[in-house]
Amino acid sequence: MNKPYVRLDKDNAAVLLVDHQTGLLSLVRDIDPDRFKNNVLALADLARYFKLPTILTTSFEEGPNGPIVPELKQIFPDAPFIARPGQINAWDNSDFVAAIKATGKKQLLIAGVVTEVCVAFPVLSALAEGYEVFVVTDASGTFNAMTRDAAWRRMEAAGAQLMTWFGVACELHRDWRNDVEGLGTLLSNHIPDYRNLITSYTQNRT
Amino acid sequence: MNKPYVRLDKDNAAVLLVDHQTGLLSLVRDIDPDRFKNNVLALADLARYFKLPTILTTSFEEGPNGPIVPELKQIFPDAPFIARPGQINAWDNSDFVAAIKATGKKQLLIAGVVTEVCVAFPVLSALAEGYEVFVVTDASGTFNAMTRDAAWRRMEAAGAQLMTWFGVACELHRDWRNDVEGLGTLLSNHIPDYRNLITSYTQNRT
Amino acid sequence: MNKPYVRLDKDNAAVLLVDHQTGLLSLVRDIDPDRFKNNVLALADLARYFKLPTILTTSFEEGPNGPIVPELKQIFPDAPFIARPGQINAWDNSDFVAAIKATGKKQLLIAGVVTEVCVAFPVLSALAEGYEVFVVTDASGTFNAMTRDAAWRRMEAAGAQLMTWFGVACELHRDWRNDVEGLGTLLSNHIPDYRNLITSYTQNRT
Amino acid sequence: MNKPYVRLDKDNAAVLLVDHQTGLLSLVRDIDPDRFKNNVLALADLARYFKLPTILTTSFEEGPNGPIVPELKQIFPDAPFIARPGQINAWDNSDFVAAIKATGKKQLLIAGVVTEVCVAFPVLSALAEGYEVFVVTDASGTFNAMTRDAAWRRMEAAGAQLMTWFGVACELHRDWRNDVEGLGTLLSNHIPDYRNLITSYTQNRT
Amino acid sequence: MNKPYVRLDKDNAAVLLVDHQTGLLSLVRDIDPDRFKNNVLALADLARYFKLPTILTTSFEEGPNGPIVPELKQIFPDAPFIARPGQINAWDNSDFVAAIKATGKKQLLIAGVVTEVCVAFPVLSALAEGYEVFVVTDASGTFNAMTRDAAWRRMEAAGAQLMTWFGVACELHRDWRNDVEGLGTLLSNHIPDYRNLITSYTQNRT
Amino acid sequence: MNKPYVRLDKDNAAVLLVDHQTGLLSLVRDIDPDRFKNNVLALADLARYFKLPTILTTSFEEGPNGPIVPELKQIFPDAPFIARPGQINAWDNSDFVAAIKATGKKQLLIAGVVTEVCVAFPVLSALAEGYEVFVVTDASGTFNAMTRDAAWRRMEAAGAQLMTWFGVACELHRDWRNDVEGLGTLLSNHIPDYRNLITSYTQNRT
Amino acid sequence: MNKPYVRLDKDNAAVLLVDHQTGLLSLVRDIDPDRFKNNVLALADLARYFKLPTILTTSFEEGPNGPIVPELKQIFPDAPFIARPGQINAWDNSDFVAAIKATGKKQLLIAGVVTEVCVAFPVLSALAEGYEVFVVTDASGTFNAMTRDAAWRRMEAAGAQLMTWFGVACELHRDWRNDVEGLGTLLSNHIPDYRNLITSYTQNRT
Amino acid sequence: MNKPYVRLDKDNAAVLLVDHQTGLLSLVRDIDPDRFKNNVLALADLARYFKLPTILTTSFEEGPNGPIVPELKQIFPDAPFIARPGQINAWDNSDFVAAIKATGKKQLLIAGVVTEVCVAFPVLSALAEGYEVFVVTDASGTFNAMTRDAAWRRMEAAGAQLMTWFGVACELHRDWRNDVEGLGTLLSNHIPDYRNLITSYTQNRT
């Protein structure tokens, strides 16, 4: 009766970054802007680090929603970038779905702005088509905690797994020995407390 | 095992506004009054915009519960208006149920005051009769966050989908190209941050 | 797949008040003391008003847990009162279970202190024996919001319905016309805002 | 030793609205957007209602800070409008100070975005020049509660009086009998709870 | 340079209860309604217990503000009751000031709704006339914590002492031996935790 | 359809303490440090009191993660201690799983740092292998409430029961008469309010 | 005009612990019990460490207020202990004042329960007699944050300095070289994060 | 009677960064780590941008307090760096005071960890010696909000001005025209919302 443990597999996972646009970001108020910026960039960095196929999409870049956050374009210069002409649910855009299918991956990590629309809609659609869907909750943002909670519940009831960028990185990495320095650098760049631990440790060792 | 994705369809959805009365509103303390007023009017505006059949109901308007918020009457001058003579669960009122059935819709969007009674009871009854039920959480209010959380869980366990007015509008609209100006106006009127984006954008373009 | 709507029925419901003792109450910090006291007395008043069979139980009254809150004894002078000699889960006490069975009711409304033990344990046991169980969340208290949330989830996963005293009163009453004055008095005595509405209304009418 | 009571006088007060611009508003996170929008418009409405001379100023309207909120321009079509070419402290702009002096008023009501800069700087400058300064705290916004608290303390230590738009309206009006309907309309338009009271009252009276 | 300790003296103190009206109470959202009701009644009870001259005043009882909370009238059936015809600052009403002067007391305990207007205005006026003013903060309420904080600061800067009903009761009583049972009863009736302590203690002693 | 009540049985339960290391603890910010330290030590004390087989494990003790909290080593000097060479999910370490299997227990109580990784991963793995898993939520910590909530939901959806150390102690003990003094001492050492109750009670009795 | 810097001097300071009694502690809800217990014991430990004369006092130990927390008696077995027969303000008890005068110290560190009475009253009295008074805010507790804030403001306006136990320890110690191990032990015993730093450091060094 | 407006002057200001060390940072819990890191680096960047003389100091770098955050050393490679051998109050270190005096500046901007000790002590000492002191509140951190509030009040009562890094930058810059690009870059690098405004604006312009 319980949901079985579907474990993230770096050879079977793709990342979808939905509508992290400069205008839409002004709507996000359920999370502090400094923390949110860090979380989104951490997710991008881990996607690059684990070489996960990553797909970017935006809604109406030319209008008030604004362009995609430039850092994301810089991190993924060659990623499929689907500027949707109007579909609110990215899954309604056939280029977007085709890009996903082209990756051949069955596990989808999804984050975006705002949570109850740009994230929830493709999450629900992907689940309906049999994908394993993991919401990267802390790289997704919305108007306030109340609307976030409602969105989380709707996605969870439909079978999505709720995760965080840190949990994703650790579940993909599996074992520190695969690359101690690589994971350490990723964490150090995005967790100030962890960076401090490493700095203290390094000094004490020398 | 997961709940399948039942997507809102503007041709198959009706809106039920339950007991948004001037007296009962003084009980609502889980949400700021300015935000709550805005959310309720946003839901009303989107119902009108999408031409969703809408049904109004009240409990004991003549007594301390007070009359329905006048703006709702003005927005829906011709909507069925069921002033219940005593039934607490609106679904126990046969006129109310008949009005719903008369719409021929199978998807019900429900909001009201207070959440654990005026919303939860008809939500549970409608689910029991096979309707697809969507709770518009942020256009519903109650005494405090603790009682709201308990009410959300009860409705969710019974199969209701928890949404927000913004999610509802976006899921109904599907594609900006269906009417860019219409949706833009709706969002601009009820999301100050979005209005600001449009104002900045417009100035910069001119 | 969803939980069906089991509706509270005043002819088939009993109330269990577990360990509302003067010492244990000093542990309750997830809810303001003034509000909590009001909620517990509201639940007691509604049980009396609807003539629901009510059972009181305590744990170690002679020790530091302290005696039952005197108001509860006064409201239910003739109710079964099971001072448990040591069982932490009240359901492990055969007198307690016998008292419940003697009521012949199949719906149990349970509240107590503290939520994750004195409430959750008998809730889980009662569900295991086939009762329909309704937790009166706001008449139950515990150490902090974090432990409360964990307890709510455990009970909910096992099939309990989470309610509030106000929801219980309204679901039992069904229709104001059954006794307008009776329900009005109950609400007026335990909801200051509602009392104010009635006072304003009455003055305006005269 | 205590600060003497300087009472707002509608014949001696002017209003300064500083940098309520569509871009800068996206920085405001110490107050809910719906509530903040309402507070700013309430202050504008009361300034118009009491016929207080009002001065608008902005910083770099042509750039990312964005244009002034259009509603403010509409409410005060003939007010002095000083688009500052670069001064951060509006008081450093001689046109702004000249406009204030031209009013001949000695009591200044100041609100703006963000609190610790656009409000605090002219507040401190005005105090230094001997004006009586009243900060309209809830029509001013900034990054978070921590920075707001620091800004309030700095202004208070310098002698500013901290008020709210509601307090300002009431202190200016002095007596309901001066215009019951006028003040009632103002409050009804900006306090949902008060509007509900009036609606209930009116119905009961008829 | 510091404010000297002016200690409450039961032979020199009077209580002013300003605008605790059933309509206005719906505006109070900086404090839970159950706790606020308790605090107001606690202040009333202590005023009666210490036989402090008490003055009641209201604003526009006949309109939407609603009548005074009936309990206050019952506790003080013979107290001066000034139904102000329009003055917002009660101190602008000569009957109100005359009633205060008639008491011959120089220490004024003031509470009311809402804090930044109905409390702050007479507080500032009384200070300006040389009274020692004590604000009973927790028997006063307003729209939200932000507006309360601003109001507290304005009154404090003008020289008011901020207290709570419990502090007032203790400072007036001075010594338990003056009347152990009297003070114990007062605390027991308005502090649930204290009542529990007494119940536990009494049982253990018997 | 509901999750059946699997009750903790002291003859069938083992405790897993995962990565309570001095460096990692600096990451924990969803719970106050004083409270968290107390919760972890309370869990350790109850494990010892009920003689539950307990297994300690750490990740990279030699590096910045730091050594295990010394108190845990002192309480369990002879417990299996698995210093994992790199596996992030402790369940991927065969020594760890072997140690669990060697206990012959089927109920696992798991706590650790951080919740969404060091706790959630072995919880999900253990569930997948058919264990009954109980998360000791308040002896587990992570970055913030948002990430904790996501982790709780993922574990709950997979079938874990969410508990607290206090609930665990009470469900294991079953009946105070099994050892009044033992349980009383455990609670007194870790719940200041309970200790106070006992102190007051003892004095009154003597 | 500013308050001059009066620096704590270990040769001129005494500690007053007022009414930390087992019954009264159940009233404290503005601070988590685990943290509060730790703070009070930290203050006691630092008083002993710096050999500051310390005076204990209680109110009505024989009644529901309960006895002093036993740990305080154990830490200060020979300290003056004034069980007040009834005075609420400890300064009204001549034995208490005499004990303070006997210390010959002019700086008083005061903490107690509850803040607005048992702490604030002697603080105000001591200031009135010319003592330098330092409130140890985090070793003092009361009903809620609102009442605490009001109490802090009253004491501050009268000239008290608001500190914390950690600030007190550091200001008294002046220089780590006076006793590195002594201060380190004190901090390690009462600040879990600091203890972790030391543990990590020690391991890395060995 | 009010504190006069002492305005920050970039030709007369120096910055003191006190004890931002990797170990001590694990104690900071009154502000989110991502935001705090950003604030500290923003202060450092503005000090460099305005060419303010900056002084770094640490306490016991060799021990568990850990080394200074490496970024600060990198930003200020040539700044005076005083590694204090033991003085807790940096002002007690004559090298530190000499370095300050060597700057010839009379306005001191101070930030550090933790607020009530490493910031408050030198702030109070500097005020006592006649400096104008500005606390950069949001680049200073401590255990929790309660201890921060107490520390703020103590410094404010002594005459310190409470500011934020953003307020400091704006007050130093005075006029955007002094260097539009320079200030814009500073803000863009440390305020995500402002960066988004610029990105949107730039795109719209092109």
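The first chain written gets the first letter, and so on, giving A, B, C, D, E, F, G and H; residue counts start at 1 in each chain.
Throughout what follows, a contact is a pair of C-beta atoms (placed from the backbone, for glycine too) under 8 Å apart; a residue touches a chain by one contact, two chains touch by 3 or more.
These are the chains along with the protein names UniProt gives them: A, B, C, D, E, F, G, H = Hydrolase.
None of the values given here were measured: they were computed from a predicted structure.
Undergrad: To reach chain G (Hydrolase) from chain D (Hydrolase) by way of touching chains, what is the minimum number of steps?
TA: The fewest touching-chain steps linking chain D (Hydrolase) to chain G (Hydrolase) number 2.
Undergrad: Would you kindly give the rotation angle relating chain B (Hydrolase) to chain D (Hydrolase), two copies of one sequence, based on a CA superposition and rounded to a multiple of 5 degrees?
TA: 180
Undergrad: Just going by residue numbers, which of C-D, C-F or B-D has an interface where over half the contact pairs are the same as at A-H?
TA: Interface equivalent to A-H: B-D.
Undergrad: Go ahead and note the Å separation of the Cα centroids belonging to chain A (Hydrolase) and chain C (Hydrolase).
TA: Centre separation, chain A (Hydrolase) to chain C (Hydrolase): 43 Å.
Undergrad: Just how far, in Å, is the C-alpha centre of chain F (Hydrolase) from the one of chain D (Hydrolase)?
TA: Each chain's C-alpha centroid was found; their separation is 54 Å.
Undergrad: Can you list the chain H (Hydrolase) residues in contact with two or more other chains?
TA: 1, 3, 23, 26, 32-33, 66, 191, 193, 196-197, 200-201
Undergrad: Please name which positions on chain E (Hydrolase) make contact with chain D (Hydrolase) in the complex.
TA: Answer in residue numbers: 1, 3, 23, 26-27, 59-60, 63-66, 85-89, 92, 114, 116-117, 120-121, 124-125, 127-128, 143, 146-147, 149-151, 153-154, 157-159.
Undergrad: Can you tell me which positions in chain G (Hydrolase) touch chain A (Hydrolase) when the two form their complex?
TA: So the residues of chain G (Hydrolase) in touch with chain A (Hydrolase) come to 197, 200-201, 204-205.
Undergrad: Once bound in the complex, which stretches of chain E (Hydrolase) touch chain C (Hydrolase)?
TA: My answer: residues 22-23, 25-26, 32-38, 61, 66-67, 69-70, 191-193, 195-197, 199-200, 203.
Undergrad: If we count contacts the way the header does, which residues on chain G (Hydrolase) are in touch with chain H (Hydrolase) in the complex?
TA: 1-5, 7, 31, 137-138, 152, 156, 161-164, 166-167, 170-171, 173-178, 180, 191, 193-194, 196-198, 200-201
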